[in-house]
């Protein structure tokens, strides 16, 4: 951490500040230049509350230098994390497809879709039971019953499942769920993050549509500091000024993020675009950017889907996407799970 | 709602779509033009899932015309809501100051600040007990003890209190709290919104820093559809590309929002700027834009504040702000609570 | 165009509005519903000034339905435009590499780089002579001399060239330039757009970093309405709140934009990221999203480049990128120019 | 400037870097810490090309510490600049109203509006002759004739005038114009900035709707480094994700910007909102934030205005706004010009 001191400070004020920092067990190396004075702070600077330093009269600015990512960063964990879900690997050079409907509607629907996506190459089944929706007046998911249906599909079709949680009070229902998903809107619901972190299960953490990658990793820190080791980051588009798609898939961040973190990163091209016919090109784009998997919304009857039909692809299109991705993966040094 | 039909549709497809809409109890008035065909849908269009309509092959686009704000909109509630908290009025032409520290630190701290802000004109005391923080490694608030301290201050100083809730599991602790605050990060934590809505207490709903005003009102709908009548909207700045301030206070939206909703709107210039010396000009700006109150962070010792010290003003500056606001309020037709 | 009328309007006011629209040679089809009244306007609605309609008392809102893209849209030009520059094709299923340094520094530098990128597969040479820079105190390019050097390289190495123009007053210098580039900062410099449109040369039009795709196409309309037929759109990243990369490459828009326009679209992964090691993954991502070409900054000595060295790749890395792209192009149905 | 060095660098590499910096006449003060190494660079660091430094292998990041604002910053010019236009003062504690129509339409229109706004308190007349419009198919202004009409109005009504320039080729027409305006879309048209800077006239520089305050000041540097002393900055709203208003007036930046620059800052509430009925509250908000003037679009017949009618206020409303502002100015320590 670098602390920039205002011109015209008094020596006593600087001494006090140095003392304050040292009292927290940190080191300070001052550079008193001809034009400006800076303090380089060494040690575990994560414990410093930057706002508190900024509030001090002689402080002109505070610049963090060490990344604050204890569990998610590569500093303490250089090699890639490979999440293993019942034998399905995500991360490192392993790539996996996750597919299924936005919402669980009925047992028949789920089993039919699960069989179709499995046949096309999906290794994990997704489906929403609790659905956070912007309006209280639209379909909110069928709740716990949805999770029971997913578990039946898991048994019958033989795919591990991932489904979203929206409140700590439903946690009991997730004991047999393979991967618990935290949705974009709950990315900074820290109480929920801490609770799911305690389960030790793999957590699929979607990026909030207006959160920086740093905030995203800090949310993963909440999960991992409670014990979870397997966090899968899921880029699903950020809010921009461009109205042509619902969100802007932030693929520029993927290669930079992979330098910082060892966690696997997947993309959700369905939510990012909100338009079924954009799902294939965005899937291929994400694979090019280096993601470790794709989560795609597939519905056998999008026009009658109870939620997000506009962005759901039919099983045939999913197969086409999967087939194309399978051809490019070896060129990019990836192995299909 | 206007549905735009793609060129080259078949009559049967259009008939099916019209049938589908009518089957939901809605009216349809088609305009089959020479260049394009549109359907005007009448009735309670809030029940329509726009995504489902968009997924239909012949649909080119869907445009909502009626505002979807059942409880928060002026359509069903023309006059301004005036929230009355122990005699303190917010809304209509009533203006109130809310002030206090970011975090509750100790009984002594709170009581000292409460007395100072009361003297300067504040009518409601704020203070954080549960603090949602981006990093799990920074101070998270002192929890339930903080609420007990606030209640002691309420009793001793005679100010109603507002404090943030971060999880449904802490709800019991808020039974004597006057106004429950939902923070920006939890604005779309719908499970929490529904639970606080059931308490019937006034709810101070902060805008998420990346949420549109429509999403904000929809979150208020979650609260109000559970029974709450008194929601106070709090603008606290949105995320923009400009780095000079932490967030950009969206004052442009205030006059437009007041046309749509009858709910009172206040501003939080402290979080918006993140810088104490910007609090006065932004307070005056917000008053000019027409807010019904200001929530300001005040700390007697910002340099040693456990949280957000950089944005906290000292009691003397708060008094200066309040004194200036008092002079302009009558010019703007507002009455100080 | 759909015009939404406010509730409580008077019949006379509506009649006046209808008259006003008809007086411009347009058709009006009103839908007087039980809950709202809308006017559907038919004909060449591009001539209507939306702001003028919005200013009318009884107008609640105006929604455009027909796309306003006379020259750039597919409505009047269904098949893809294939730009042909001295035999190099861009557009349709033709893909081309454009490569070269950010700035022209010397004849030797350019010729060396030109030979290297040609060998690796580039078909067009890029290089900046006039450089628009945020600060007046940094290197601004070597001006007309730079264009002369580029023309020598064109002759010696045998690659057509593309270079940016920053003012109408330099237009004379571009008579032998193959493609004139309009940079992001000048995307809405309409006087310049009109002048380059008159040359009839192919124009490479970069997207402004904060412009919507609609504004981008409207700028292409400025160029094309002056006579130019060959506009190449270049996506180079938009400004978002994410600081990890300089800009966010908006690949989500590519497939949607291709539905609207027949013009070829290329991507510039160098400017988008601002970081050399992100150029390869972003190139592959852009190819996946469906671009018709890539423009990549290549420098033989990035550490001593006079501009944008941080984002320039060395010739060897460019070769690696080109080799990988060549492998995936056939899978995506594209042919290398 | 602080340069952060990557871990694991070699001493020789560091020495080379230090040498490179010193060779440019700058000083270097290294801090070789136990955990990281930083170089503090002293002297006129504006001349350093940050990108060039970033491209060096051992460099992890570059942090600018000194502000790069040679002419616009307070470092070399502490006291406020007060622009004096024919006796009308803007800046310091002087506040002025600028008003007039979006577009010059006819002599009669301008003179009528000029008289009305003068009576209400405006001291400078605005009006557009050359209008940069997003679409080539909408009204583009009446050009040079518009400037002649403005000059007639100036003579007849006795108000100095401000009008926008869109290309260097029209510069001759501006010799009797009092203030030359650079519009938002041309804020980074550096060739134009340099030319208007040479005239020595006061320049009203609008902020680009997607430009940071730093980019804005750097554009003012382009103007001032050519000789101009009087630049008036005009905040007119930035692009955000919120659709309720056309742009988001960035009032949060005003107080921070005033710390950095000595130049006067005014606001344009008309363009920011795009809605006439938001102009009064946004005017009062801007005054609260500390602006030195307001530029307001006034039209005597907004419904028939040839451009931006929706945001134009009628003379009566302008008078109401001016009267209210006059009441609050003394409270804020401002004097009306």
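Every chain is named by a letter (A, B, C and D) in the order it is written, and numbering of its residues begins at 1.
In this section, contacts are C-beta pairs under 8 Å (C-beta built on N, C-alpha and C of every residue); 3 or more make two chains touch, one makes a residue touch a chain.
Bear in mind the structure is a predicted one, so any value in this text is a computation, not a measurement.
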- Enter the minimum step count from subunit A to subunit C; a value of 1 means the two chains touch. 1
- Tell me which chain's centre, taken as the mean of its C-alpha atoms, is farthest from subunit B. C
- Query: Cα centroid separation between subunit A and subunit D, in whole Å?
  - Reply: 39
- Inter-chain centre distance, subunit A versus subunit B - centres from mean C-alpha coordinates, in Å: 27
- Can you list the residues of subunit D that touch 2 or more other chains? 210, 239-241
- Item | Contact footprint of subunit C on subunit B as seen in their complex | 2, 4, 27, 29, 31, 33-36, 38, 40, 42-43, 61, 63, 65-66, 210, 239-241
- Spell out the residues on subunit A that touch subunit B in their complex, using ranges where they run on. 46-47, 49, 51-52, 54-57, 68, 70, 132-139, 166-169, 185-186, 188-192, 194, 208-211, 215, 218, 221-222, 225, 239, 274, 276, 302-312
- Message: Touching residues of subunit D toward subunit B in the complex: what are they?
- Response: 210, 212-213, 237-238, 240-245, 247-257, 259, 272-273, 275, 277-278, 281-290, 324, 327-328, 331-332
